[in-house]
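Note that the chains are named A, B, C and D in the order they appear, and that numbering of residues resets to 1 at the start of each chain.
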Amino acid sequence: MSTARDFDCQVTYVEQVLPGVVKVAFDCSGISSSAAPGQFVQIEPSADVFPVTRRPITINRLTGSGFELLFDVVGRGTELMARMQPGDIARVLGPLGSGWKIPLQSNCLLIGGGLGAAGFQFLIDSVDSARVLIGASGLERVIPFGACHVVTEDGSVGEKGLVTSLVTEKYLAEADVIAVCGPVAMMEAVWGVIPEKYRGKVQISTESRMGCGWGVCDGCSIPMLEGGYRKCCTEGPVFYGTEIDWKRWKEAGL
Amino acid sequence: MSTARDFDCQVTYVEQVLPGVVKVAFDCSGISSSAAPGQFVQIEPSADVFPVTRRPITINRLTGSGFELLFDVVGRGTELMARMQPGDIARVLGPLGSGWKIPLQSNCLLIGGGLGAAGFQFLIDSVDSARVLIGASGLERVIPFGACHVVTEDGSVGEKGLVTSLVTEKYLAEADVIAVCGPVAMMEAVWGVIPEKYRGKVQISTESRMGCGWGVCDGCSIPMLEGGYRKCCTEGPVFYGTEIDWKRWKEAGL
Amino acid sequence: MSFPPSVSRNFWGRDFDSPIMLASGTSGFGEELLDLQCLAGVGAVVTKAVSFQPRAGNPPPRLLETPFGLLNSIGLANPGVHHVLKHILPVAAGLPCPLLINVAGESVEEFADVVRVLEKSSAHIGYEINVSCPNVADGGAAFGVDPEVVLQVSRGVSRVTNRPFSVKLTPNGGDMVLSAKAAVKGGASAVTVCNTFLGMHMDWKTGKSVIKRKVAGYTSPALLPLVVARVWQVANAVSVPVISSGGVSTGEDVLQLLAAGATMVQVGTRLMRRPFAAAELMDEMKKLAGE
Amino acid sequence: MSFPPSVSRNFWGRDFDSPIMLASGTSGFGEELLDLQCLAGVGAVVTKAVSFQPRAGNPPPRLLETPFGLLNSIGLANPGVHHVLKHILPVAAGLPCPLLINVAGESVEEFADVVRVLEKSSAHIGYEINVSCPNVADGGAAFGVDPEVVLQVSRGVSRVTNRPFSVKLTPNGGDMVLSAKAAVKGGASAVTVCNTFLGMHMDWKTGKSVIKRKVAGYTSPALLPLVVARVWQVANAVSVPVISSGGVSTGEDVLQLLAAGATMVQVGTRLMRRPFAAAELMDEMKKLAGE
């Protein structure tokens, strides 16, 4: 049974983290008290009737009595969200989705691509130890985490290269859980370099265009290897990499 | 040939004249230099794609380098317009329509109902002498003019009564032009009390829901006694009372 | 009818406090509604479409939002009637309001076949027969565009059930009034006006549609006047109740549809923004009635 | 076709710098366009409908704005073909761009009768035959819903003129692809997709429609996906050019319609807000192409 409820949340602070990347914090103990890492919320970008759907955003981090969202401004919805000001009220449904399957006292390897790493902070805050590998196109796409290994495509931060170059057999072997989040192409590349024997530990945070976000519209299907689809919003967004039909998923585009 | 053009006009001041009645002044010599009393403009209530048509408003008065609009807040369009602030830019098409047919040095009798008198100031400013009769429901619907006779339905200003009670044979006889503007029912009542021999002098400022405002959509038809319709926006809004088919016009509602 | 219309309705012999039905495909099978506790103000729930065989549905992306609406290409994904009967309806039976089951078919016979299986359940009060599905035998045109086919489907269903059913018509071709009359002639106890309007979004840079099936179902609050017109036309032509479907985003929209002749009013896409839309619409209507 | 589509078009053997046509009924007969000098960016102008006899049009109110669109019930008001020929076309001949005359009829024969009279003018390059008019002999259903009738209308017109003509189809019933094919079979050199969707606004307090004819033509920028889908379907089914009509409010909308297969793109309702819409749309498209 889901604990999701629909809340009127007050914006407590807004911060431009990187160019075109905004962090908005909300006061909402209803969500923060029940959320788990990897879960997301459905937020109304504005009070206007358009857009007709909400926007799904991963819970980046919990604050004392609320949570932070960190997002890329890519279209109308996120543009409207970026205009939010402290004191504004937004309607937020959450927490939604399944989250990472993290055993207690686990040792995590986190592999993130660009803004895909947005939700890692919550995960890092929740586990005993986390090794974080981040790949980004360049300086302006690197979300700051405490301790992490970073590579960039243009070499502006860390070594020049792709995040796959940071993935070592040692890291894979040591991890209880391997959590991957980022653009589909990046996640596919990471999946590609992970040897068969470690794949069972790999969890993938998927994305899909969403209608409802709470399981009723069947609009957010992720193709599964066993055939058919599963719902990103309620059965995901986190799936085991072994469950996903990578080929059909890539064909979907987004 | 029309002199109407489409201008980006800056709002110079905004004033709440009466409860729910707003005056907005615009800087626009293009319109003020060519406008005549009784003409109107088509204004965009907001930059948003909705509403899909503009709003027609009579030019209330000319200022040095621009003009004033005075309007009742009755729906979405006028609500948006009431939110305009000095410095804002609005798209305004004008001047539009035929205006009052006023011979030089004419002696005018102006009969207005409530906000319908909004356009009279421009007319008063343009003629040699004007006698102004105003009827309104009460205090909160009386637009202030220099000198005028006022009656109200509730007796809160002037005598208690309808504007028709102010219309005397003497006034009608003395006037070269009789200009009537107000709600349809009020104009019909005024028309009703004017004896046949003075009716030829009576001009009526009509209203209609408008699409374009510049003659292309045929949406603003006013029923004519000769049969058929004439366009409120280009052939009107001012018509001789003798031209209008009052019965069919009343049936239209608005 | 009296105006303004009352929100209390009598439909299929039952009294409803609310005219609002949650539209097929936008409320799953009811399980999530129970979870989220968003059933206040809901008169009835319509399940997503049920077909005989399980259907995986269309490849993603299945949704695409346009500036003023939503395109959907779900493809009637559902686990098939036997699974629904065994595993889903027992849960849906816990809903505090009446349930209608939306039925899909690829042939005239399939509709009746699905209904025949569902007759074993007592979770639902009736059916909504979705004749907007593509008729495979007829090259994929919707059943609903041909009154003759609508008559056959409706007759087929009325032969296998005594429960009331509504036929959900399509606005994409044909004459809805003729199809409505055919549905009633075949035994339908209501008609739903109507399913989604065909729509498409073109990526002009590539000349491709983002949605793989190219055309999709389009919904938008801006379509309300289209639905009001069609409800009014059909309500004036048939004697059974008309259920409206489409375009609702405010309480005033619901009142317009009731005034146009709808007995019940479905809300779908609005649930994507507002899971509690039914309660909100009821509140808005109460405020308007008090004016 | 190449993508993104070029804004320069070849239509009816002529080169056009702009794909934009001003839609019938939203630009009068061109006189006001000359007055307001709003012809920049206009590829061609379509006149309002011309019938054989003068038509006073529908009683007011003829327009009603809804939250997201516009209902119109103009009723094909026009002074009749003889007046148009003698007094209006000589003025319209001064337009700096090609002119199409939109032709209305109440019977199959009337369309050809109107065209026969107009043949005496050289102000226009061709016609747009409005088969969305109610067919009086057929109880008032639009000519356009019956492919057989469309064929007759189209044949009738092609017998009396050598100029090219487009048949403007209706989305309110029937099968637009079949009607398009019938139009082409009858000799049409283009099809226009499509006329307005039937819509209605109900005053729920009284149960009356503000518009006396009850149902009206509804236009809205939110209808774009409906028009894109229908343009795409028809363009894939006929070999003549498709002129789109409906839903345009941005340059991106025009590009979508061109990518969906339109050769020319009409803009109508947008002119109510923006008389200079054609120039603005062209600017927006140039900016998008430069990206």
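Everything that follows uses one rule, which is that a contact is a pair of C-beta atoms (placed from the backbone, for glycine too) under 8 Å apart; a residue touches a chain by one contact, two chains touch by 3 or more.
Computed from a predicted structure; not experimentally measured.
Trainee: When chain D is withheld from the analysis and all other chains remain in place, what is the resulting partition into connected groups?
Mentor: Groups after removing chain D from the contact graph: A, C | B.
Trainee: Taking a step as a move to a touching chain, how many steps at least join chain B to chain C?
Mentor: Contact-graph shortest path, chain B to chain C, evaluates to 2.
Trainee: As a test of understanding: of all chains, whose mean C-alpha position lies farthest from that of chain B?
Mentor: Of all the other chains, the one whose centre lies farthest from chain B is A.
Trainee: Could you please state the distance in Å, as a whole number, between where the Cα atoms of chain B are centred and where those of chain D are centred?
Mentor: Their C-alpha centroids are separated by 34 Å.
Trainee: CA centre of chain A versus CA centre of chain B: separation in Å?
Mentor: That gives a centre separation of 59 Å.
Trainee: I'd like to verify one number: the distance from the centre of chain A to the centre of chain D, where each centre is the average of its C-alpha atoms, in whole angstrom.
Mentor: Comparing mean C-alpha positions, chain D is 48 Å from chain A.
Trainee: Any idea how many Å lie between the Cα centroids of chain C and chain D?
Mentor: Chain C and chain D have C-alpha centres separated by 33 Å.
Trainee: For chain B, what residues touch not just one other chain but two or more?
Mentor: Within chain B, no residue touches at least two other chains.
Trainee: I need the residues of chain C touching at least two other chains; which ones are they?
Mentor: 67-69, 220-221
Trainee: Have a look at which chains touch which and call the overall pattern line, ring, star, complete or other.
Mentor: line
Trainee: Sort out which chains touch which and give me every pair.
Mentor: Taking the chains two at a time, the touching pairs are A-C, B-D, C-D.
Trainee: Spell out the part of chain C that touches chain D in their complex, as residue ranges.
Mentor: 1, 3-5, 66-69, 71, 141, 145, 173-176, 197-207, 209, 214-215, 218, 220-226, 228-230, 232-233, 252, 255-260
Trainee: Which residues of chain B touch chain D in the complex?
Mentor: My answer: residues 1-2, 4-6, 44, 49-54, 76, 93, 208-212, 214-223, 227-229, 234, 248-249, 251-254.
Trainee: Could you pull out which chain C residues touch chain A in their complex?
Mentor: Within the complex, chain C contacts chain A at residues 25-28, 31-33, 35-36, 38, 48, 56-57, 59-65, 67-70, 72, 74, 77, 210, 219-221, 249, 269-273, 275-276.
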